[in-house]
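What follows is a pair of complexes built around chain A, which joins chain B in one and chain C in the other.
For the complex of A and B:
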């Protein structure tokens, strides 16, 4: 029983990490209808920036917020310079661009920052709360940060004009232009926000997995599974999906299919959800009458 | 009174295809002008060209300013609201969110709140359905929503692309009655594109008949109505 509880708690902890990156995926999906396969690599690159800043002696939270600003600017720049020229191509071509971006960011990171594993600090105290042996403070803190991001995103998309405009652009770019929304800036803004959220998730992953250029590869697949399971158009759903995937991965890995095969859980979830319920558990199915 | 919109020698098309071959027309402030024509005559393209949604050449002057080099996002900033072909509904959003998007450029909160009241008075059914997903509204309700969304801009010129398309006759009558009310209450000018010539000529004060991208007949509605060609080919008696 204790062992099962252990697995569930570490599932929730890794779920928090998947939820963070899933939110970044949802951000771009909400504004463009695309899934950015390079999201994990961009997060990893930003985490290196944070590492460098901390290495120069910047205090943790200073480095944390500077990195978010850097990631936002880089996200906007990548959209304007790399993605924009391919904007009118079919989705399949864009997928190739995203994969190309993944490879380029990954190689650039290894080239600039080297390939040795780096330790990354956690901002949370190391002594576990109430001396529990189920979950560390870093894991609890990460979950808290993810929940805060979800809440901010929810309010942003639901109640602000800017959030409404971003959703409008994803749904109907022509109608959006006709009400005066500058579509291309909304897309860039979506990329910027996604990159910023991705950077946060990268900085939360790094203390657990060690910082290295392949750190986010697996995380991206789990996050994608979580986002699809919860619903790509719904920040709450994607976050919940991330947690469910984390728990499933750990529990199934420990008791059912073994740790070697637990990676396939994510892929199976993706396939099953897309077959049976493509909008995800909490996504809205859009009905259109004509 | 000078023209609010004046179009000279407008050509427009998509890719290699030229649809409009030098169109000329005018619209006076507060008036309703109809552009009539069969399928493929270039009616929708005319509206799209005015908004910068397709490739075009020629002179388009709105309120004394040339707008033929502006992109769609900037044309709307001058107060030109387009009710597009196919209604342009944001289907996944609620009716109310569609209306909020219509007011995207407005910064006067009180005025926007007032306009929500106004459009709900004009279209009471939208008020009943305001929290419903817009894609699930009936065709007529979606057309009302599209007009209401355009009104939320508090526009000076309303471009209407076949508001009768695919709707039951009773609904069409209701929509046309409301358009007349809107014109009388707010003095917003309207450029109406319509296949149904009878309807359009009843509402409009001026009309142009377009055939294969050129204006072939123009004048005030009564004159156009009396024209032999129009009577036989478009009014059907």
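For the complex of A and C:
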């Protein structure tokens, strides 16, 4: 029983991380209808920036927020410079561009920052709360941060004009244009927000997995599974999906299929969900007129 | 081997929301499809004939290392034509063809290693196993489209290496260390070396498969595939059985990729789970994008790109070769959205317009 609780708690902890990146994926999906395969690598690059800042002596939270600003700017810049020129091309061309971006960011990071593993500090105290041995403070803190992001996103999309404009653009760019929304800037904004959220999740992962250019590869797959499970158009859903995937991965990996095939869990989940309920657990089913 | 698809492809994107932009536009949708003038059709046939002859003479002019590289390029070309059938012609995006390539390679390797089959006999079973597997993977794929199909097939690509490493199969697959094969002997006492022989072996299979693909894609079934890609509902209304065409396309596409995988096992004489990782699937997709969607000749350009450009990028910059590769990839997509095949065709049309004016 104790061991099972252990697995569940570490599942919740890694689920928090997947939820973070899943949120970033949902951001871009919501504003553009695309799945950004380079999301994990962008997050990894931002985390390196944070590491450099801390290395120069910036206090943790200073570096944290500076990195978020950097990631936002970089996300906007990538949308304007790299993705924008392709907006009229078919989806498949864009998938190739995302793959190109993934490769470029990944190899630039290992070129600039080297290939040695780096330790990344955690902002939370190392003594576990109430001396429990199930969950560390960093894990608890990460879960908290993810929940805060979800709440902010929910408020942003539900109650602000800007959020409404972004949802409108995702729904129908041409009509949005006609009512005076600056569509292209909304898309850039979506990218910026996604990159910023990704950066946060990167900074939360790094203390656990160590900072390395391949840090986010596996995380991206699990996050995709989480986002699809919860529903790609719903931040709450994506976060919950991330947690469920985290728990499933740990519990099934420990008791049912063994750690060797742990990775496959996420993928089987993707396929099964796509087949049975393509909109995800909490997603909206979209009916298209033909 | 440039082909013209005369069925009208959708090009009216302007009036529709972004989400309904067609997944894949064939090269002909963007470049005005001008039928070749009659006297140039003959010229094209001569040109293709000349390329086939040059291809057969090349191994006598090159060193063994370059022969090996070209052989590998031909293997990739077979896989690319298979993938292009599915993605380019039928509009189903697959990120999972690396898995089919791996299955083909392993079937061939296991037949040769555990059951002592001769190498030339192991290619066809590998293709057939993949055909069946691809057909059944095509069934759930019927319900998915676009990004979702890409993700589901990605699942296949990432899971396969893990399954290959699994203990239960280790007896046949050799687990982590894979299977080492012996190099095929030159038969009939021919006066050529082993590398040259493997080249001819692959070359012959490639020619047969290209001819098959050409006939399939230029005919009734090929037009049905394109119709399903561009106007799925209109295609059904015209009496095309979309489900059968889509699953069969998946099957045939898997057959080509499986044969390519089996040939790769024979050419490299080694299979291991890590040589068929997720990046192989991406590389194949990159190959058809660079070569040109919905083109047959594009397979050749794409194969040369994915084989040569990483080396070239490595020479250009020792420190970040993959960054150069990625930048090149984005630039190619930007400047040549119809791939090299579309580019070559455009040049050809400019030239023929110049001469026939």
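Following the convention adopted for this analysis, the second predicted complex is superposed on the first by the 286 of 290 C-alpha atoms of A that agree within 3 Å, B and C clash if a C-alpha of one lies under 4 Å from a C-alpha of the other, contacts with A are read in each partner's own complex, and residues count from 1 in each chain.
Here is the rule we use: contacts are C-beta pairs under 8 Å (C-beta built on N, C-alpha and C of every residue); 3 or more make two chains touch, one makes a residue touch a chain.
Keep in mind that what you see is a predicted model, and the values were worked out from it rather than measured.
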Review point. Touch check for A:161: first (chain B), second (chain C), both, or neither?
Key: first
Exercise for review: Examine A:271 and indicate which partner it touches, taking first as chain B and second as chain C; both and neither are also allowed.
Suggested key: second
Check your understanding: Which partner does A:174 reach: the first (chain B), the second (chain C), both, or neither?
Key -> both
Point to revise | First, second, both or neither for A:96, with chain B first and chain C second | key: second
Practice item. Look at the residues of chain A and decide whether chain B or chain C touches more of them. Key: C
Review point. First (chain B), second (chain C), both or neither: which does A:215 touch?
Key: neither
Exercise for review: Please indicate which partner A:204 is in contact with in the superposed arrangement: first for chain B, second for chain C, both, or neither.
Suggested key: neither
**Study point:** Partner chain in contact with A:85 - chain B first, chain C second, else both or neither
**Key:** second
Exercise for review: Report, in rising order, the residues of chain A that make contact with chain B in one complex and with chain C in the other.
Suggested key: 172, 174, 290
Review point. Tell me, which parts of chain C touch chain A in their complex?
Key: 13, 17-19, 21-25, 87, 93, 140, 143-144, 146-148, 150-152, 154-156, 158-159, 162-163, 165-167, 233, 282, 285-286, 289, 293, 319-323, 325-327, 329-330, 333-334, 337
Check your understanding: Residues of chain A touching chain B in their complex?
Key -> 161, 164-165, 167-168, 171-172, 174-183, 233, 284, 286-290
Practice item. Quick one: which bits of chain A touch chain C in the complex? Just the residue numbers, please. Key: 33-35, 82, 85-93, 95-97, 99-104, 106-108, 110-111, 172-174, 221, 224, 228, 260-261, 263-264, 266-268, 270-271, 274-275, 278, 290
**Study point:** Partner chain A, residues of chain B touching it in the complex
**Key:** 51, 53, 71-73, 76-77, 81-82, 84, 88-93, 97, 100-102, 104-105, 133, 135-139, 142, 149, 153, 166
